[in-house]
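Pasting the structures here.
Two complexes are shown next, each including chain A; its partner changes from chain B in the first to chain C in the second.
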Partner chain A sequence: MMARNLFIPITLGLVITFLIGPFLIIVAASFSAGETLAFPPQGFSLRWIAKVFTVESFRDSFYMSMFLAIGGTLAALILGIPASYALSRYKLPGAETIRTIVSAPIIVPGIIVGLSLLRYIVVPFQVGITLALFLAHTALILPYAVRVVSASLGNLRSDIEEAAVLLGSSRLGAFFRVVLPNIRGGIMSAFILGFVTSFNQVPVSLFLSGPGVRTLPVDMIAYMEIVFDPSVAALSALLAFMSIGIVFLAERFLGFSRYV
Partner chain B sequence: MFQNRAEALALALPAALFAAAVFIAPVVILLSDGFRAPGGGWTISAYTEFFSSSLNQAVFLRTLKLGVLVTIVAAVIGYAAAFAIVSLEPGKKGKVTGLIVLPLMISPVARTYAWIVILGRTGIVNQAFQALGISEAPLRILFSETAIFIGLLQLFLPLMIISLISALENMPKDAIPAARVLGANWFQVFWKVILPLTKEGVVIGGTLVFTGCLTAYITPAILGGSKVLMLETLLYQQVTVSNNFVAASVIALILIVMSFAANILLKRVATARNKTMRNTKGTAQ
Partner chain C sequence: MSDPNFLTLENLTLAYGDTVAVKDLNLTIGKGELVAFLGPSGCGKTTTMRAIAGLLSPASGHVKLDGADITRVSANKRNVGLMFQSYALFPHLSVYENVAFGLRLKKTPAAELDKRVRAGITSVGLSDYADRKPGELSGGQQQRVALARSMVMEPKVLLLDEPLSNLDARLRLDMRSELQRVQKETGVTMIFVTHDQGEALSLADRIVVMKRGAIEQIGSPEDIYNRPTSAFVADFVGFENIFELSDGRLKTPKGPVELSGPVPIAAGLAWRPRMVTLGSGPFQGTVRGASFAGNSREYLLDTPLGPIKAEVDAALPPHELGAELAFDLPVGTAAQLSTFG
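Showing the complex of A and B:
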């Protein structure tokens, strides 16, 4: 079985190189001392990593992306948790229709979502770009929130809250004292999934940008079209480590992959 | 199960109304734009006009071609990789799966940007080609279909591998040794045993990869430039350069129809293969 023994390491080596290699090159290129983006990097310096923090538009769009990722995910959870609870614990007429409506934003390409919001919400109702971005990101995260929270409600036996109600607790009290503590892991996982999805999202935000209002990835694309220095590589590397760090911690403390 | 209908609606309706108002209504209106006749009434002339342009035809065919090619190549590599991963011992399996999933956490902008360093005029590939004497002048790899293909494959391959890993793990453990003992060669084992038993995984992975390719914006925008367009980048150009919202609506519907068609077609293919299998078994008996 010589052939088989070689097959596994060679296949995995090639696939992992193809998937991870480009990312390592970006990390290496961001330590370059040269003026332009190149690999192998010319010399070693931290100047491009330092430069990332001095570009004003990066700072503004980073705050915008953070606001959208955190605010949008919280809003999606506030809408999504009661909906998931109703879908899994109640006999609800039209439950399938509601489920389809709530998870629809995942099926339609993001660029179309962004464009239709611009045309039919922003322009006719004079909605600000920031609010439109917030609505778009909330709609985008809602399907993930409902899916992950529903899955974790599905794993929780429903008779314990029925017992709480029988023992005199109010329905609401039973939800907050019995259900919520038990689906905490699922909610945190939904939050992280929503955060990463929103933060990395480009097509939805593409049309929803105005003077000084842009999400970070859209800003990075605009920057790299004009300037060809390693600062976008440095920023990419920093953001990648941020995402990986968050997901790693989530896996460590929550067992993230059980929910997603 | 609680029975209170009013309570249930009060819990579920805010989310449904939000999605309907912010998402479904605007998208439906946008899609209807493509069918509106200038003087009122409905028409499909925007669609005939769209497809009569040779540039649009080329973009449509390129999108279809790249989507199909990336999906097929991802399935081939995906099978090899997933097969290798499930035959690892449990500890290693988790670590390798983690490495495969890792790129999904990284921003697609960062992942696509890396290919500029690799495929550019002074990139690694051109440096290597010139050092080895394969080519004299730097090749133009960036801003081509090849570059978009590589970028899309790297972006979506993990989705295919993950779908196939779970499909292979759910396969009966002794199916392959049994087929081997009965004299099947590796090609037959794949075609007649592994593929039919993992078809659900291929359908899920294939739909994810194909739909991903159709709706990817960053990859064709960065690696294709403004000349080698796909439907998504064409849509963006129609809006920002030509201000043509009717064409944008047409492209939007084409994209949505293509994703649904791919999903249905893949499911069909999977069930049709199963029927032929059963029929052949019938005649053999």
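Showing the complex of A and C:
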């Protein structure tokens, strides 16, 4: 009885230590006044946080990451919403196979996806770096889009579309008038999930990055190989807070956790 | 009933892929009629309703409404209303906007739209709920919103899918009188689909009993209840003692049995449990089961004719299990079935 009483708080404590601990260390390190990335921080200053904004390659790769995260997610949604709709509303032959294929990028390790995209798509077809990254990110986000939007569609009765049609709406009109408004929350959740997935993506981006075109995480790794100062910690902390902010807003306005 | 051929279904065959759900159906419904499609699940009643609405296009045959062939007219241009079993309200819209949905699509002028929507909501007694979302309403209220949403379009035909089956007993009475009121006030032609004979009997002017994709019998509630013409309909409306006739004798598991009195020319005879005379008659049975049902007692008898169900007034003294009783199946009261099987 005693053992069981202790089991839960100890497990909980360990989980929190390993999940939140590193994050706290990074945040603390980013306020360091020292010259190298170290913990405990030496002194207190905001100079590394300020430095983040002055490194030009960080700025470029941040824009690239933002472009991939937003553009890739939008593209994945434009493909994924109709796909989810077709999968959930029609009895398609091989629907299960399509579902499996669509979610393959989640299951297959990023390194393999990245390598095979590079070896069999990018090199033979001479695809530009930016386009290659964009296509890869879209493909990586698609499973999340299909999965979350499908869940949202599954909760929606299909007879409301027929009701709209009988009230004079076209089939397509019914989709825009009664389906989309009711899966808005799912679409927003898919967007946020896709955005975060893309933004944090390393292995695939690593293979596809090229001269002058990198995503932010890849750029941070490259930076650390040369300079080992706390600015990387500061950047990580800023990104973490950005992610927390997005999820917080999503939860606040959309009830994000209901859809995941 | 100004137009007796207001809605006609001609040789209608409906199929889902290779599965034929309704075969060669012919039916004529008059303007202002209240018709019930009655039958067990899978009999094709819902399929037929969906074909009238235009949600399913027929494999062959025609649907004609108000003088026009609408077989190829799409569902959104038919002006046929459908109240779904699940109500199918739009969850993101208020009661007001749900009811206004169709009128907005028709670009009804704002003042007229508001007047008609308010009148529709008021007529179903929900004027205090106009700004609520469907999720904030009870099942009965949601159904009335669905009714108002269909009726505000002034449909030529209102189709209702199991309109009473999701409601509890008290709401059922409310909805039944609500539908009768709407029908009386607007004169709209109504067709409702149900598997519940009580629902069909109490609400419809005419009942179409369906079985395996075909019409089994059409008639007034009295006809269907008292004069079923087939064993299937008889069974469906509660005749529990059904026998096939051959050469004027009842076919039973233990051979042919002679009835007392002149036997009509028919394929079969059927008796409700309460038509069985208990205590006297040419047959003998053993009480195998007995149950008390308030006003009456029901007995299950083991007899040379097979199991017989009888129902008698509860005021009569009860019979013990195992008791030997005389009984009769009076030919005069039996329903005469013209088809058997």
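One rule holds in what follows: the second predicted complex is superposed on the first by the 248 of 260 C-alpha atoms of A that agree within 3 Å, B and C clash if a C-alpha of one lies under 4 Å from a C-alpha of the other, contacts with A are read in each partner's own complex, and residues count from 1 in each chain.
Just so we're on the same page, contacts are C-beta pairs under 8 Å (C-beta built on N, C-alpha and C of every residue); 3 or more make two chains touch, one makes a residue touch a chain.
What you are looking at is a predicted structure, and each value in this text was computed from that prediction instead of being measured.
A.B. asks: Clash or fit: chain B against chain C, after overlaying the two structures on chain A?
C.D. replies: fit
A.B. asks: Looking at A:160, would you say it contacts chain B, chain C, both, or neither? Reply first, second, both or neither.
C.D. replies: second
A.B. asks: With the two complexes superposed on chain A, say which partner A:53 touches: chain B (first), chain C (second), both, or neither.
C.D. replies: Once the two structures are laid over each other on A, A:53 reaches no partner at all.
A.B. asks: Looking at the overlay, does A:237 come into contact with chain B only (first), chain C only (second), both, or neither?
C.D. replies: first
A.B. asks: Residues of chain A touched by chain B versus by chain C: which partner has the larger set?
C.D. replies: B
A.B. asks: Which angle, to the nearest 10 degrees, do you get at the Cα centre of chain A between the Cα centres of chain B and chain C?
C.D. replies: With chain A as the vertex, the angle is 90 degrees.
A.B. asks: Upon superposition of the two complexes, what minimum C-alpha distance (Å) separates chain B from chain C?
C.D. replies: 8
A.B. asks: Considering only the defined contacts, which chain B positions touch chain A in the complex?
C.D. replies: 1-5, 7-9, 11-16, 18-20, 22-27, 29-30, 77, 80-81, 83-85, 87-88, 96, 99-100, 102-103, 105-111, 113-118, 122-124, 154, 157-158, 161, 214-215, 217-218, 221-222, 232, 235-236, 239, 245, 248, 252, 255-256, 259
A.B. asks: Once bound in the complex, which stretches of chain A touch chain B?
C.D. replies: 7-8, 11-12, 15-16, 18-20, 22-23, 25-26, 29, 37-39, 79-80, 82-83, 85-87, 89-93, 95, 98, 101-102, 104-105, 107-113, 115-117, 119-121, 135-136, 138-139, 142, 146, 158, 171, 196, 199-200, 202-203, 206-207, 217, 220-221, 224, 232-233, 236-237, 239-240, 243-244, 247
A.B. asks: If we count contacts the way the header does, which residues on chain A are in touch with chain C in the complex?
C.D. replies: Answer in residue numbers: 156-157, 159-160, 162-170, 173, 177-178, 181-182.
A.B. asks: Taking the complex as given, what residues does chain C use to touch chain A?
C.D. replies: Answer in residue numbers: 53-55, 75-78, 80-82, 84, 86, 88-92, 101-102, 105-106, 149-150, 153.
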